[in-house]
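Here chain A shows up in two complexes: once beside chain B, once beside chain C.
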Partner chain A sequence: MLDAFEIVPNLPVLVVTVPLIGGVLTIVMGRGKGPWAWATLITGLVFYFTVLLMQQVLAAKTGTISYELGNWPRQWGIEYRVDALNAFILLTVAGVGFVTTLYAQKSVEKEIPQDRHNFFYAVWILAICGLLGITVTGDAFNVYVLLEISSLTVYALIAMGKDMNRQALTASLRYLILGSVGASFILLGIGYLMMVTGTLNMEDMHDRLAALPDAVHNRTVLVAFAFLLVGLGMKMALFPLHMWLPKAYTYAPSAVSALLSATATKVGIYMAFRFLFTIFGVGFSFVAMPANVVLSVAACTGILVTGVTAVRQTNLKRMLAYSSVGQLGYIVAGFSLANVNGVAGSVVHIFNHAVMKGGMFMAAGAIMYRLGRCDLRAVRGLGKRMPLTMAAFVAGGLGLVGFPLTAGFISKWYLVQGALEAPHMWPVAAVVLVGSLLAVAYTWRVVEAAYFQEPEGDSALVTEAPLSMVLPMWILIGASVYFGVSATFTGDISMRAAKSLLGGAP
Partner chain B sequence: MNAVVLIDTLLLLLVTATAVAIIEVRSLYASAILTGIYSLLMALVWVNMHSMDVSFTEAAVGGGISTILLIGTLVHVGREEKPIKKRLHVPALIFTALTGAALIYGTLDMPRFGDPAAPIHHYRVPEMMAQTVGFVNGTPGKQKPPEGFDLDRYRRFDGRVTGPIPDDPKDTAWREKSILQTEGLMVPQVRAAHEPHAEEGHHLHPPDDFNGHVPNSVTSLLAAYRGYDTMFETTVIFTAGISLILLLRRPRREGYLQPGAALSDQVILRVVTKLSIPFILIFGFYVITHGELGPGGGFQGGVVLATAFILYALIFGRAALYRVVPPPVSDILTGVGVLIYSGTGAACMLLGGKFLDYSMLNPAVPGDGESLGMTLVEYGVGLTVSMVMLTIFNQLAEERST
Partner chain C sequence: MTGALGIYNYWIYVLLMMIGLYGVIAKPNLIKQAIALGLFQTGIFLYYISMAVVDGGTAPVWTTILDGAQKYEGPYDNPLPHVLILTAIVVSVSVLAVALALIINIKRAYGTIEYDEIEAMDQADKRADYQRGQVTDAADDVEHRQEGHHHA
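On to the complex of A and B.
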C-alpha cells in the first residue's frame, strides 16, 4: 500500500496532519514521561518536515508550492500554498515548538497535575498544529477554522497556570472573550469578502477583488476590510487591542508563556500579511485605504506606552509580556511602511523576536522553577547563583535593545532603513530608537538586580536550573546571536518574502 | 409583501425580543431556557431561507444540547445572577453602536438575498452543480443522460488529465487525448463541467452526484470539497472536550464519581426513558447515515446520540451511565472519531493520492470511493461529537473537588 506514497510531494499537508493525529494519540500515552516523549517526537518530526519544506520552496522554480487537498481544483476545495514567507514562519513556529517542548518537561512536571499530562500535551500539540495550519493554507476560511483550534487550545493552556489566586483562570477568560470578539470580526470579514467575490481561495479572492469595478467604493468590501483590521489587531495584540496579553502571558504556565510569546501573536501577524497584502493587495490596503497610517500610529504609540509600562513592572514575566506588545509594534510598524526594507524587517523580526523572547521567557520560567516566583526581588544576586540562566536573559535583553551582533540589530537595521526610505515616515525611525532606549531601561533593571545586588532569603541557596531547561533556552538564545552575526539566511528569505508580498499575490 | 418576508420579519422581531430578554432577566435558569428559544427561532429563520442543514444543526445543537449544557453549568454557578448596579458603560455602548452601524453599512452593497447573479452563485457553483446534480438514472428533477451515453463505463473512468494543459483555451489537443474522449464519454455536459478548472494531474470526478450516492450538495460540499475544514471542525469539538477534562476533571485519587441525584424512583420517567432511548439512538444513526441524501450528518446525528446517553444519566444517575460508558472509554472514543476522519484522509494519501482524495478508496469506481469516504468521515464526526457532548455533560455534572 505504501509504495505509491512519497513524503516530499505531501510535505505541506504532513506539517499539519502529523501533529493532528499525533496530538489525538497523545491521550493514550500513559501518565509518566510518555506524553512528553511523544510530544517531543511529534514536534521534532514536524520541525524536520518544515526544514524539508523550506528546501523545497527554495528549490522550486516559481518559488511556491501548491497542494490541493482532496485533489479538488482550488476554487472548489482547499489549497495549501507555501512560499518563502510562510515556509519561514512555519520553520519558526515548528522550531520554537520543538525546542519549547524539550523545555516543557521539567516545568510541566512541577506546574501541571501528574494525572493529566496526557491531556495537557495533547492540547499542546494541537495548539502547534493550529498555528501551523493557519500559516500553511492558501484558503481564507481554512484560516478561520484553524484559528479556532489554536485559540481554543491556547485558552486552555493559559488557564492551566498555577498560582494561589487562580489568576490564570480570569486571565484566560478575559482572553477568551476578547479573542472570540476578534475571531468573530475576522469571520464576518471573510464572509463579506466571500459574498462579494464568490470564492475563498486567497489568490483567487485577490484576482476577483481586482476585477471588481470600483472595489474601493464598495461598501461591503470596506466593512470587510475594517472588520478584518480590528479582528487581526485583536489577535496580534496590536496596541490598544493588546489588553488580554499581559495577564495571559504572566499567569500561564512557564512553558506555555514561552511557546505563546514566540508563536501565537506571530501567526496573527502572518494572517495580517495574507489579508492585507495577498488578498486586498498593497494598492488597496496602503494606497487607497489609510492602513499604513492607522497601523503605524497604533504600533508606534504601542512601542512607547508599553515600553514605559514594562520599565515599571516588577514581575519578570509581566515585564516580558509588555515588552512583547512593544516588539510586536516594531513588526507592525515595519510592514505598515509597505516598502521592501520595512516589510523585510518585519518578517525577519518575527523570527528574531520569536527566538529572543522565547529564550527569555524560558529563563524567567527557570527562575520560577527554582524559586516559585520571578519578581525583581527574587532575581537579586542570581547572576552568581544561576549564571547560565541570567546570562541567557541578558543576551536576550541585548537583542531586544538591538545591540549590534544580536538578531535584534538586524531587524532594526531594516526597519530604520525602511522608515527613512518611505515618504514622511521618519518618525517611525525615531520611535524605533526611543523604543530601544526603553528596552535598555527595563533590561538594565534586571541586570542591576542580578549582578549588583546581594541575594536575600532563598535566592541565596538556589542552584542553576536543570540542564533540560538551560539547554533549550540556550538553543534559542544561541540562535538569536548566531543570526545576529550571520544574517544571510534570515535576511535573504525575508527580502524574498517582502518582494513577493509587495508584488501582489504570492 | 410576500409571505416569506412577512414570516421573516415576524421571526426576526421575536429573535430580537428574545435576545433582549436574555440580557434582561436576572434568573440564569430563565436565561438558559431563553437561549434555547432563541436557537429554535433561528432554526426557523434558516428554514425560511431553505437551508435545511443549517436549520437542523441549529435546532439540534443550539436548541437542544447547548441548553442542556447551559443548565448543567448552573449546578456550579447557581440559578441567580449576582445583583449588579446598572450603569451605562459609555465605551462599550459606542463600540457596540459602531459595530452595528458598520454591519448595516456593509449590507448596502451586498448582492440581494437569493439573487442568481450574485458572485456566490455564478462564480464557482455552476461547475459544482453540474457535478453534483448531474444526469443520474433519470430521476425527477435531474437531467437524463444523453441518448446512447454509456453511464456505467463513464462511472468507471479514471478521470485524470495526463498531459499538460495549454494556456491557450482554443488549443484543445489535451482533451482529445484524455480518456474521456477516447472512451467516447466527452459529451457536452461533461465538457462543460470539466473545462473551467482542468489542470494537469487533476482528477476530473464524474459529473454526477457521486454515482447517485450524495444528492445532498451540502454534504458533498462539507464532506468532500471542503472535507478538510470539516475534519478540523471535528478537531475543534475534540479539543473542547479534552480541554474541559484538563480543566475540570477531579483528581483521580478522589475518584470520578460522587453520588449525584437521580430520578430513578419516578416510575413514569423510568419507563418512558427506557422506551424512548432505542428510538433516539436509531434516529441518531439514521441522521448520520442519511446525511448524504437529505439534511443531517455527523454533527447533528452525534448530538442526537449524545442526548440518549444524557437522558439516561439524568433519570438513572451518572453511576449507571458510567457503567455503560466509563470515562476512560469515552475519553478514548472522542479521539477515535477524529482518527477515523484523519485516518481516512491519510489512507487516501498512503494509497498514492492527495490527502482526503476519497476516490483512491475505490479506483475502479471513483464515485463509489468518494461516497464511501464521505460515509466513513460522517461516522467519525458522529462518534467524536456524541462522546464530547457526553464528556462535557459529565464534567459539568461532576461535583467540583474542594
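On to the complex of A and C.
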C-alpha cells in the first residue's frame, strides 16, 4: 500500500513537507479537540516516516541516502542527505515531538485559552517541521531557512505562555533578538563559505575547502569559521551564550518547555556537527584551529556554573532549564574531544538527554497542571499525593546524575572514556564527575521536599495528574531506563555516526 | 578602484551591522531594538549582494540587441546570492513582524516598552510573590545580576 503512493522513495522530503502543509491546515481544524487530534495524526505520521527512514539507512550499503529535490543535480538544486547521525536525530526529534503532542492536550487546555488552540498547534507542528528540516537537509542555505522557520515558531510558542505569566512575552522577545543575531551570524558564515567554495551543498563545500591550498591561512575561511562558531553557540545555548534559555523555558507553556528542552537545542548541536565535522572537517576545526579548546573550556565552565545555579533555584522549571544548559555542556565537551568515544558519547547523550529532560519537564508540567505553580514549596509532600509524577521526576533526575542502569550512565561512560583517551583532556572527565555531583544536589532538593516534608495548602488535597499526562511522561522516562539497561541500539548508531563524522580518523 | 576603498560596500556592510548590534545591546526601548535588528540584517543583505558582483558584469538577463540576431554573452553578475537574499529578506520581515507583535503584547501587559521599567515591574512582581509565600528564591538574584550585566 505504501508503494502505491511512492512514499518510501520520497521519505526524506515527506518528513518536511507533511508537517509543513499539515501545520498550516491546523488553523481550519475548529476550536474543540480537532487541532490536537490533527497534530497527533501529523506528528505520529512523521514519527512513522522517521522510523522507516532509519530502517532504510541501516539497510543502505553506503549508509547514506541522498535525495535530490525535484531531481535537480546537487550542484544546482537542494540535496537532502540522511546518514546514521541525522536519521538518529530525526528519530529523536519526531519521537519526542509525537509523545509531547500526546501530553500537550491536557496541559494546553489548562494553560492556553480555547480560542487559540488551533494557532497553538499550527505553530507547534511548524516548529517540529523546521527542526526536522534542519536535520534532514544537506544544503547550507536551506539550513538557515529552516532554522528561521523553527525559530520564529518557537518564539510564538514561548509567548503563548503569557496568560500564565506576562514574563513569557519578554522572555520570548529576548530570545527573538539574541536568536536572530545568532542566526544572522550563521547566515554570514554561510555567505563567506559560499564566497570561497562557490557552492551551498555541504559535501561539495567540504571537498572544495579540502582542495584549497592553504585553508588555514585563508582569511575568508577563518572569518566564516568564527561567525559560524559564535552563531551556533548562540543557537545551542553554549555557555556563556545561554542567557536567553532559562527565562524562555521557565515561562513557556509546560508542553512547550518539554518539547524545546528535548529538541530545539539538540538540533543546534546537530548543526554544529555538520558545520564543524562535515564541512570544515576534523583536521581544520580541531587540529589546525583551537575549536576544541574554546568549546571544551566554555562547556566545562558551563557545566560547573549552571550546575551551581541550578542547585540554588526553587522553581522546578527554572532549575531544569539551568540543568539543560549544563547537560548541553556535556554534549559539547564530548564532541570537542574529537575522538570516537567522545563524539559517540555526545551523540548518544543528545538522545538520552532528550528523553530524560523531556520527561522531567512533563513532570513539572503535571505539577503546574494540578497546582498552577511548581516551586519547591508546592512540591512538598507530593511524593504521596502524586506518586507517579514524582517517581518520574526522580527517575529522570537519576539519569541526569548518571546513575548506573539509566541512560545518563551510558553517555557519561562514553564521555569519560573519550576524555581519558584524548591527550591532556583529563580535566573534562573530572568536570563530568563534579557535574554529576551537582546534579545529585539539585535532584536531592526535590526528593527531600517531595518525600520528607509534609504537604501544605493546596498540595495536601491534590491528586495524581490525568493519565494522558502521566502516560507520555512515563513513555519518555521508560525509554531512558530501557536504553540505560540495553544500550545496544543507541550505542551502535552513535558509534557509527561518530566514525563517519570523524571520517575514519582514529 | 582598487585597494581598501574599492570594496567600499563591504565597509558600509560592516558599519551597518555594527550600528545595528550596538542598538540591540544598548537601547532600552524595545522598538529601537527591533529597528536595530532590522539594520543589522540589512547589513547582511548588502554583503550578499556585493558578493555577487562580477567585474564588468551586468544583470543576468538574455537581451536581444536591436536586430534580434545578436545576444549579449556576458559576463553576468552571479544571480544566486540575489535569490538567496530574496529569501533572507522575507525571513527578516517575518522576524520583524513577530517582534512587533510581541512588543504590542508587551505594551498591553506592562503599559510600557522600556526594558528597564519592565525589568523593575518584574522585580516588584517577584517581591509580591515572595511575600505571599509562593516563591522562596534568593537564587533568582544571581540570574538578575547576570542579566543586568548582559544588558549593561
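Criterion: the second predicted complex is superposed on the first by the 494 of 506 C-alpha atoms of A that agree within 3 Å, B and C clash if a C-alpha of one lies under 4 Å from a C-alpha of the other, contacts with A are read in each partner's own complex, and residues count from 1 in each chain.
We adopt the following convention: a residue touches a chain if its C-beta (ideal position, glycine included) is under 8 Å from a C-beta of that chain, and two chains touch if they have at least 3 such contacts.
These figures come from a predicted structure and were not determined experimentally.
Contacts of A:156 after superposition on the shared chain: both chain B and chain C are touched. When the two complexes are overlaid on their common chain A, residue A:376 makes contact with chain C while staying clear of chain B.
By the touch criterion stated above, A:223 is placed in contact with chain B alone, chain C being left untouched.
When the two complexes are overlaid on their common chain A, residue A:309 makes contact with chain C while staying clear of chain B.
The partner that reaches more residues of chain A, of the two candidates chain B and chain C, is B.
In the superposition on chain A, contact of A:68 is made with chain B only, not with chain C. In the superposed model, A:166 lies in contact with chain C only, and not with chain B.
Residue contacts after overlaying the shared chain place A:195 against chain B and chain C alike. Looking at the shared chain after the overlay, A:141 reaches both chain B and chain C. Once both structures are placed on chain A, chain A residues 141, 145, 148, 152, 155-156, 159, 188, 194-195 are touched by chain B and, in the other complex, by chain C. Residue ranges on chain C touching chain A, taken from their complex, read 21, 24, 30, 33, 37, 40-41, 44, 47-48, 51, 81, 84, 87-88, 91, 94-95, 98-99, 102-103, 105-106, 109-110, 118, 122, 125, 133-140, 142-143, 146-147, 150. Residues 102-103, 105-111, 118-125, 127-128, 197, 199, 202-203, 224-229, 231-233, 235-236, 238-240, 242-243, 245-247, 249, 251-253, 331-332, 335, 338-339, 342-343, 345-346, 348-359 of chain B are the ones that touch chain A when the two sit in their complex.
Touching chain B in their complex are the following residues of chain A: 1-2, 4-5, 10, 13, 17, 20-21, 24-25, 27-28, 67-73, 75-78, 113, 115-116, 119-120, 122-123, 126, 133, 141-142, 145-146, 148-149, 152-153, 155-156, 159-160, 188, 192, 194-199, 208, 218-224, 226-227. Residues of chain A that touch chain C in their complex: 141, 144-145, 148, 152, 155-156, 159, 162, 166-167, 169-170, 172-173, 176-177, 180-181, 184, 187-188, 191, 194-195, 243, 246-247, 309, 312-315, 318, 373, 375-377.
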